[in-house]
Amino acid sequence: MAIVLGPNQYGKAQTHLVRVQRDTPRHEIRDLTVSTALRGDFGAAHVDGDQGDVLPTDTQKNTVFSFAEEHGVGTIEDFALALAEHFLAQAPAATGARIEIDETPWQRIATGDGEHDHAFVQSGLGTRTTVVNVDGRGADRTAHVVSGIKDLTVLKSTGSEFHGFLKDRYTTLAETDDRILATSLIARWRYGTTDVSWDETFASVRGLLLARFAEIHSYALQQSLYGMGHTVLEKHPDIAEIRFSAPNKHHFLVDLSPFGVDNPNEVFHAADRPYGLIEATVQRDDAPEAGAAWHAVPGWV
Amino acid sequence: MAIVLGPNQYGKAQTHLVRVQRDTPRHEIRDLTVSTALRGDFGAAHVDGDQGDVLPTDTQKNTVFSFAEEHGVGTIEDFALALAEHFLAQAPAATGARIEIDETPWQRIATGDGEHDHAFVQSGLGTRTTVVNVDGRGADRTAHVVSGIKDLTVLKSTGSEFHGFLKDRYTTLAETDDRILATSLIARWRYGTTDVSWDETFASVRGLLLARFAEIHSYALQQSLYGMGHTVLEKHPDIAEIRFSAPNKHHFLVDLSPFGVDNPNEVFHAADRPYGLIEATVQRDDAPEAGAAWHAVPGWV
Amino acid sequence: MAIVLGPNQYGKAQTHLVRVQRDTPRHEIRDLTVSTALRGDFGAAHVDGDQGDVLPTDTQKNTVFSFAEEHGVGTIEDFALALAEHFLAQAPAATGARIEIDETPWQRIATGDGEHDHAFVQSGLGTRTTVVNVDGRGADRTAHVVSGIKDLTVLKSTGSEFHGFLKDRYTTLAETDDRILATSLIARWRYGTTDVSWDETFASVRGLLLARFAEIHSYALQQSLYGMGHTVLEKHPDIAEIRFSAPNKHHFLVDLSPFGVDNPNEVFHAADRPYGLIEATVQRDDAPEAGAAWHAVPGWV
Amino acid sequence: MAIVLGPNQYGKAQTHLVRVQRDTPRHEIRDLTVSTALRGDFGAAHVDGDQGDVLPTDTQKNTVFSFAEEHGVGTIEDFALALAEHFLAQAPAATGARIEIDETPWQRIATGDGEHDHAFVQSGLGTRTTVVNVDGRGADRTAHVVSGIKDLTVLKSTGSEFHGFLKDRYTTLAETDDRILATSLIARWRYGTTDVSWDETFASVRGLLLARFAEIHSYALQQSLYGMGHTVLEKHPDIAEIRFSAPNKHHFLVDLSPFGVDNPNEVFHAADRPYGLIEATVQRDDAPEAGAAWHAVPGWV
C-alpha cells in the first residue's frame, strides 16, 4: 500500500475586473469576476515542494488583467476560452485548465437627456456565468463550455399546486391547489459546440426560462424545471443539456384565524431555512459526451 | 452612586412578509421585511423580570401579519405609521415605537403575451426602505418618517477627478483627472411632514439621485453627494434633510507596463477592502426639528 | 431658506492588518480591522469640490500600516487613540476623529511538543472591538473610548422562563417556565477614563458577561442583560455605562405529537428570522457625560 | 433525438436542529444543520407533475426532528446513516439518499464554580461535517461516509517559502524565503468502512491537520496540504482518501519605504480577493472504490 497524490488543481480565484470600452464617448463596461485553475502533473509541487512546473496564481491574475487590455473582453465565453488556451500553452505540466467567469449586470442611468454615456447602475435579471474546461493539446484537445445564470429569483403568486404525494407516518403537509411558488434559480447549460452566438443564446435562454416559469401551470417545482429545460433544448440545438439547482423558497400562508381574520391566500410568511432543494437535469439522449465539461462546475452532481 | 437602567427598546426584527393583492387576475405583490420595536418604561422587565408591561415580540409579529390582511399594504410608510400607532395604543408603558420596513423590488415577467399577470422576477434599482418613529400620545404625539434607498450601486467610467488634496508624510496617492467613481449608495431622507405622496416622492428622489450622480462632473465623492442631496431638497420641499453613507468602491487602474502593455484607463481592479467611506448630510437651515426622527435609524451619526 | 451641508465624516474603512511580533522565535500576532474617519469643517470639499483640507483616505490607510510598524500594536484601544491624535494633528480642518478597530482572535496550535511558536488557529470567545472618538485640541480636547465584544453566541438549555406578559387580541404565545435562551451578544461599554488596563479589563468583562449569563435564572432576556450589565458596572468603576444589542435567537420546541412522540424540551428548531431584538443600557447615575463617546458607534441609539 | 430527464435529486436543505440531552442536570447539546435528499426514478414528478412517488421535503424535515427524539443524536455520522436508511425504506422510487450534516461547536461556559451545567458558548476549532450516501437495497446496498472539517482558519507567521516557480511574460511575483502562510481549510475524508469510532477519529484527524500544518516547513501550500493528508492516511487505515480545498489567504508585506520605515516581515495587509485556491487529494493506491461516496459533496471535483 502506498499513499499518493490524487486529483488536484490550483489557481487564482475571484479576480474582479472592470473593463471600460472607451473608443467613443459612449462607454461600455464589462464587470467580470474571473477564477482560473490548472490541473495535471503537479506531483513535484505537492510531494517535494518543487515549484518548477507551477505557473504562480499571481501570474494567472496578471494575465487576466493584461488579456482584458490586449484582447479586450467580448463575451465571457470567448474570454474564458482564450485564457484557458493561453495557460495550457504556458504551463506544460498542466493537462487541463478551468476558467470560471461571472458577469455582474449594469445598465445605463436614465437622465432627462436619455441614457447616459458613462454612468451606470447595477441592475439586471440574474447574473450570467460560464465555466470553460479545456483539456489536452493538439489532436487530443477538447474544449467544453457550460454557461448559466444564477440569482434569478422568481415567484408565482398562483398557478401552482402540490398534492397527491407519497405519505408516511411523518407526513403532516396539507395538500393544496393554490400556493406561492418561488425560487432563486441556478441554471447551467452545456453547449455541444464552441461555435455559438454566446450573447444571443444567453439572452434567449434567460428569456425562455422566465417565460416558461411564468406560463407553466405547476404541479411541483420539479415539473416547472423540467418544462423550462425542455423548451430550452427544443429551441437551442447547440445546447446538449441543462442542469437546475432551485431552492423551493417556502411562502407559508399565515393562519390569522386566532384573530378572527380570514386569509384567502393573501398574506404569506417568506421563510429562510429550511428550504426545499430541487436539482434536475434535462438532456438530449443523443448528446455528445460530456467529458470534462462539468469538471469543478459549482453544483450538485 | 447607583447603577440604573438607561435607554432600551425591544421588538421583533425582520418579519418577512409577502402580501398578494388578488382582487383581479392581475396580481400585485409587496415583499416587506418589517422590524418593530417599543421603547419606554420597561424597568420592571429588566430589573425584576416582571413582564406585565411587555407586549411580546411574538405578538408584534402576529400583528404585522394580520395588519397586512386587515388593512392591506399600501405604501411602506403608511403601513409603518399604522403599526406604530397600534403598538403605542396596546402597550401603555411604551413611550415610543419604531418601525423599519425594507421593500424588495419585483417586476412582472415578460412573456410572448406581454407582462404576466401573476409571475414576477426580482429586479430593480435599489431597495426602498423606511424608518418611522412615533412618540407620545394625544397632544404630545409626534410622528417622524425617514425614508430611503439602499443597495443602489452606481459607477461612472469617467467624469471624475481627485487632486489638490492635503498631503503629509504618509501620502503616496497620485493625483488624477480621470478615474472611475463607484459607490453602493445608502441615502435616507427625513420628511418634515407625514402628508406626503410616498410612492411618487420615492420614485422622484431615486430618479434625481441617479441622474445627478450621472450628470455631476465630480471632484470627489463628497461633492457628488452634496450635489445630489442639494437637488433632492430643491425639488422636494417636504424633505427636511438627506443623509448619505457611500463607500468609495475603489477601482484601481492596473499597471500593465511590466508586460509592455499600455492601459489608457481601460482595465481596473475592483477592490473590496479597505474602501473609502463618505458620510454626509444636506439639510435646510430652517428645517423643523428632527426630534426622534433618527432614533435607531441604521447609520453613522 | 438655504440648503446647507450638515454633519459629515469621511475615512478609510476596514483596513485589514496583521502585525507579527517576531523579536523572539515565539511570535505573537495581532489581527486588526481598522476604520478611520475625520469630521469637521469640510464644506469646501462638498460644496466646491476643493480637496485642500482633505487628508485622503489612502493616506489614512498608509498611516495605519506604518504606525503598526513604527509604534507597534499593543492594545487596540491605545492604537486607536494614537491614530486619532495623529490625524487631528495632520488635518487642521478636522474637529474630531473616530477610530474603530475589531480584533480577530487567534490561539496557538497545539502540537505534540506543546504550543507552537509561530502557527496559529482562529478561535476564541467573541470578537473584541473598540471605537475611539477624540474631539478638539489643547484644552478643549476630549477622548472617549467605547470598547466591546461581538459575536459572543451563548445558549442556556434551561433556567429560562417567559410568562406574565401583556396580552392583546394578537397574542397567541404560550407562557413557559422552561425554554432555551440564546443570543449572539453585542456589548459595548463606555469607559469614564482613558487610564485603563485595557487587556485585563476586557478579559474581566467578557468573563463576567459569560458567567452572569450562565448564572442568572432568567425571566426574560431583558432581565439577563440587565443583570449582566449591573455586575460589570459593580466590578469596574472605570466603566460608566454598558449597552447591549441581543437578538433573541428563538429555539422552538418541535411538536412531535402527530407522530406519537413526546418531546420533553429536548428537540428544538433553531429559527433564523424573525428574531426578537433586545437593546438595553445599564449606567451609573453619576456617570461623566458621554459627550461624543457614542458618535458613530454601530448600534441602535 | 429525444429530450429526457437526466440525473436529479430533491430534499430539504438546512434543517437547523438543537438536541438537548437532559437526563441529568448536566445537559449536553448537539447543534446540527441537516440536509436530506433523495435521487432515483422520479420521472413522473418531473414530466407529468405526478407526485405519487415523492416523499415531500416537509416530511423529510419532520423525520429529522422526530428521529432526534426517537433515536437521539449520537454522532452526526450515525444519525445521517440512520436517516438515509429510513428514507430509502419509505420512498421506493428512490435509488439513493444523501444526508449532509454540519455540527456547530459549543463549549461550556466557565463560571467561578467551574463549567456550567446548562450554559454554553459557541467556540471551537472549525465546524465538523459529514456527507453520507446510501445507494441500493438488500445485497446491492452500499453506504459511504465522507466526513470533514471546514472553517478551520490557520496561519503561520514564518516557516513558509515560495520560489523556483515557472515564469513567463506575465510573471512579476518576487521569490521569497519567508512569508505568511494562511488558509481557511476545508478537508473532507472518505472512510473505507462504516465501522468507525466517529468522534475519536474526527478529533484525531483535526489534531493531525493542525499539528502538521504547524510543523511542516512549507515550500508551497500544496506541499503543506499533501504532508497533512499523508499523515492522516498513515495514522488512520480506515480513511481511504482525503481532499482539501484551501484558499491561499494572501498576506502582503506592506511597503513602508516611502515613509522611511523598514518592514522586516512584521506588517502585512490581509487581502480578501483574489485569493489562491489550492485543491488536492491524497489517497491510498489500494483504496476501495469510491462509488457514490462523493455524490453531491460540496467541492471541486
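Chains here go by letter, A, B, C and D, matching the order in which they are written, and residues are numbered from 1 within each.
Basically, a contact is a pair of C-beta atoms (placed from the backbone, for glycine too) under 8 Å apart; a residue touches a chain by one contact, two chains touch by 3 or more.
Source: prediction; values computed, not measured.
K.L.:
Quick one: point me to the chain whose Cα centre is farthest from that of subunit B.
P.N.:
D
K.L.:
If I list every residue number at the interface of subunit C and subunit D, are over half of them used by both copies, so same, or under half, so different?
P.N.:
On the two sides of the subunit D and subunit C interface, the residue numbers are mostly the same, over half being shared.
K.L.:
Taking contacts as defined above, which has more of them, B-C or B-D?
P.N.:
Pair with the higher count of C-beta contacts: B-C.
K.L.:
How far is the middle of subunit B from the middle of subunit D, if each middle is the mean of its Cα atoms, in Å?
P.N.:
Here subunit B and subunit D have centroids separated by 38 Å.
K.L.:
Report the inter-centroid distance (CA atoms only) between subunit C and subunit D in whole Å.
P.N.:
Measuring from centre to centre gives 31 Å for this pair.
K.L.:
Once you find the CA centre of subunit B and the CA centre of subunit C, what distance in Å lies between them?
P.N.:
Measuring from centre to centre gives 23 Å for this pair.
K.L.:
What residues in subunit D touch two or more of the other chains?
P.N.:
Where subunit D meets two or more other chains at a single residue, that happens at 15-16, 62, 66, 170, 172, 258-259, 272-273.
K.L.:
Over in the complex, which subunit D residues touch subunit B? Could you list them?
P.N.:
The contact residues of subunit D facing subunit B are 169-170, 172, 258-259, 272-273.
K.L.:
What does subunit B use to touch subunit C in their complex?
P.N.:
Listed in rising order, the residues of subunit B that touch subunit C are 1-16, 35, 37, 42, 45-59, 61-63, 66, 90-91, 162-168, 170-173, 218-220, 222-223, 225-226, 229-230, 233-234, 241, 243, 247-248, 273-286, 295-296, 300-301.
K.L.:
Would you mind writing out the residues of subunit C in touch with subunit D in their complex?
P.N.:
15-22, 27, 29, 31, 62, 65-66, 68-70, 106, 109-112, 116, 118-125, 152-159, 180, 207, 210-211, 213-215, 251, 254, 256, 258-259, 261-272
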